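A short worksheet on the structure shown next.
The first chain written gets the first letter, and so on, giving A, B and C; residue counts start at 1 in each chain.
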Amino acid sequence: MELLGNLAFGLATAMQPSNLMFCFTGALIGTLVGVLPGLGPMTTVALLLPFTFGLTPEAALIMLAGIFYGAQYGGSTTAILVNMPGETSSVVTCLDGYQLARKGRAGPALAMAAIASFFAGTVATLVIALLSGPMAALALKFTAAEYFSLLIVGLIAAVVLAHGSAVKAVAMIVIGVLLGLVGIDVNSGVPRMTFGLPELADGIGFVPVVMGLFGLAEIASNLEKPQDRTLLTQKITGLMPTGRDLRQGFPAMLRGTVLGSLLGVLPGGGAALPPFAAYALEKRVARDPSRFGKGAIEGVAGPEAANNAGAQTSFIPMLTLGIPSNPLMALMIGALMIQGIQPGPQIMTEQPALFWGVVASMWTGNLMLLVINLPLIGLWVSMLKIPYRMLFPAIILFCCIGAYSVNNSVFDIWVMLGSALIGYFFIKVGVEPAPLVLGFVLGPMLEENFRRAMMIADGDLAVFVTRPISAALLAVAVALLVALVSPSLRRKREVAFAE
Amino acid sequence: MNRRTLLLSAAFGLAFSLAGGLVPGLQGRAEAQNFERPVRLIVPFAPGGTSDILARLIGPKLSEAIGQPVVIENKPGAGGNIGADLVAKAPKDGHTLLLVDVGNLATSPSLFSSLTYDVQKDLAPVSMVMFAPYVMAVHPSVPAKNFQELAAYGKANPGKLAVGNAGVGAVNHITGILVGKGAGIEWKAIPYKGGAAATRAVVAGESNVIINGATATQSFITNGQLQGIAVTGDKRMASLPDLPTFKELGLPAADAGTWQGVLTTAGTPPAMVERLNKEIHKILAAPDMQQKIQDQGGEVRVNTPAEFTRWMDESIAFWGGAIRDAGIKVE
Amino acid sequence: MRPRTPFRNGIDAQELLFGLFLVALSGVAFWQTSRLAAGTAADMGPGFVPRVIAWTILGFGAFFVLRAGILPRRALPAISLRPLVAVLGAVATFALVLPALGLVAASLAAILIGGAAAPGGRLLGTLLFAAVLTALTVLLFVTALSLPVAIWPW
């Protein structure tokens, strides 16, 4: 019960009125900034970092955690309302959230996202309190071979994302991989497909690509239908989820939380995998998979839960090992170091108030989010009633600024423009861009880890099956592949017979 | 780098700051070079790294000193070269500054054949800011407690040792190659995306040797997840007193590590560069700044623009030679 | 199953265009990776994976082009150029104007050009809207969030 004692100790820190206030302020500002298109958690935290300089280390980290959760939730809000993802996870939220919004059900979608986030956040907080030791150990079991096998599973699961043709989905994944390969090759240091542009040396920016591909392309396509005065296709019906929504959403939340907690802890692949995997899982277990992509509430609840749980467990490597699992955590470590704290294995023993205070504040942060956002839903939904001719120029402008703000680079605005053009083309030829995003994120990591594993093992392919975790993951991949191929084979045969 | 000149310049900076505060005449003369508009402090990396942290520590104090806002701009990309290029092409009036890992900057001319600016001709060194030594450490699965055992194991098992580094051409990559060559060990260089990823991989046992910044590495040595072997720099680290320096072991690249410095656009009036140099020295002489920089795993190192220029020239020649010998070419 | 003659029923334009896009994309990839060493599967050079991916994309492209002939005729959905050009034009203008003239000019230009995507609307109202939105943008991003960007050209 020592751990629960620690958690209570942490809660005492987090619940101090001043810390509670910092948490609230952080979550509020984070939500308001994160809701702007293009300003994902990374940019939001970077922009707001200076506001925490004058605070004590605990207060600073608590406020930053609040900003982070707020920004993440703000990002989902934009994804649901205007199909504008600001990070990997909200790409998935777009798929069904935006469709719900167009049907006048933005309120339930937003509320579901908030509830799923809170639920996942609560569970993940307990997971961190009870299991951070073993989970950090798990993270250290993952070497290049294991990452390779995990990424294979992820890419196969990506095929499930598409609700149209599976062949087209695979083609889109491959396009994504190609785009992801642009930039300096980690293993050889050679620039690839950069057209000699130094701006492409670090690869094509993720945020401008998804904003162009999803958001701007959608705007151009929406404006072709002059009859739409607003984004809505149907009247707004209720702001809160119905009993049926909750019944459908709850199991999805549960599965998403488990999946997210596990995948989030892995440095590197963590951030991208949980929401995609959760979506694929929901679609797989659904009685009627055809509802997905047309406004299925589980398609919001599962990924949002997975994302939030994953976001939270990604703190584990940072807090217990001092190793950032993604650029955002690197920024958090920077914030700690500015406060004069060196993150690392010693932080739990040397700074228990900080460690447990932060863990507990994750929970209070999620609570604040619920408190702030449930009342705000009415406001967000009413934004959909703004005439579209006023809304879209503002969105275009914010996208431009958002794309610029990621790296303070005009080049990223041009990347967004190119992506918008390609996204528009994809809409016209009837292919979905979501699988592309997963290929874009995971493809290069797949190559990097494969080649690294080969380099270390002197070109011996056996490493992938002799290491137990890697072998198990590959077995999962094969099983997924079989499950994926067999029903479609059957369907094809049925179609053939029908003709 | 000469230790005495460093101490002298630090002492001079301290003396100057005292004199500047006490003697109004002196202060008046220094401010003959005035700043007329906001100063841009370019950090060519993403927020959160050492350069960024230093910029955020120094920026506000510099703003106080020169009476103009100092705007910190992160301009990441191409290993710092995008931000450096921006400063190289800025107006030559000392209003655009670059805070960068200058050791890294010194490798650029040799790594990239198509650099869009000339590190030596287009940038004017203002002052060094900080030095943080490297720590060499191994995964506990490697049967070595010190460098002699490591070298013996490496020679007996060629190809068994894999040195993780922060990327092809990174200073710790070349340092690894130089050390291997110097000690006659055949070890593999495994590139990662940045030092943190390399550290994680070595703690996980994927690669088994790391040469990387002390901040990221020392807590793993303290709690036994890594075995410390040696440190760079001209003296042992206070926090890891048992580890010998590269110099003691007779290893090459004994000065490798993270060197951070401030540069501006070449062609800036020397008096302006001098003014910036003095202000930075004054800021870094404050005990709380010294403490904060120690918290980043380093120590304050300042020098004059002339010394810094010489340091850059020497570093470019040294790393350039090592890069050519190792046959590394990025572009 | 009755074998179908390719291209007899007309062409599925969506499939054809997507296929051609893939073929073109693979061409760009081959061109850009032509000077990279490929190595072997066990000891890959930097060019290995990009070229495998390019070949795969070429294969998919060919597949979709051929399938376009087999599938029943399908035209492309109508394309209306005005919104597309206005949206892209607004973004391009912003990118060009921002470094040269600052945030205020870039915002105004982007709002006015982007606004032209939807027909109608009175000039005065549009100008007023653009001015208010620009002012809000400056307050939000520069004043509140201290985004490092110039407001004015001077």
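Definition applied: a residue touches a chain if its C-beta (ideal position, glycine included) is under 8 Å from a C-beta of that chain, and two chains touch if they have at least 3 such contacts.
Note that the structure is a prediction, hence the values are computed from the model and not measured.
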Chain located farthest away, centre of subunit B as origin (C-alpha): C
Chain occupying the middle, per Cα centroid: A
Inter-chain centre distance, subunit A versus subunit B - centres from mean C-alpha coordinates, in Å: 34
Whole-Å separation of chain centres (CA-atom averages), subunit A against subunit C: 23
Subunit B-subunit C separation of Cα centroids, rounded to whole Å: 40
Multi-chain contact sites of subunit C, meaning residues that touch two or more partners: 146, 148
Residue list for subunit A, restricted to those that touch at least two other chains: 50, 187-188, 190, 408
Multi-partner residues of subunit B (each touching 2 or more other chains): 73
Touching residues on subunit B, where the partner in the complex is subunit C: 40, 71-73
Of subunit B, residues touching subunit A in the complex: 46-49, 52-53, 56-57, 73-79, 81-82, 85, 111, 114, 116, 159, 162, 167-169, 188, 190-193, 196-197, 199-201, 203-207, 215-216, 218-220, 222-223, 225, 291-292, 295-297, 328, 330-331
Touching residues (chain side subunit C, partner subunit A) in the complex: 1-2, 14-15, 17-18, 21-22, 25, 28-29, 32-33, 36, 42-47, 49-50, 53-54, 56-57, 60, 63-64, 76-80, 82-84, 86-88, 90-92, 94-95, 98-99, 103, 106-107, 110-111, 114-115, 117-121, 129-130, 133, 137, 140-141, 145-149
Of all residues in subunit C, those that touch subunit B in their complex: 146, 148
Of subunit A, residues touching subunit C in the complex: 33, 36, 47-48, 50, 167-168, 170-171, 174-175, 177-178, 181, 185, 187-188, 190, 192-195, 216, 219-224, 226, 388-390, 392-394, 396-401, 404-405, 408, 410, 413-414, 416-417, 420-421, 424-425, 428-431, 443, 447, 450-451, 454, 459, 461, 496, 499
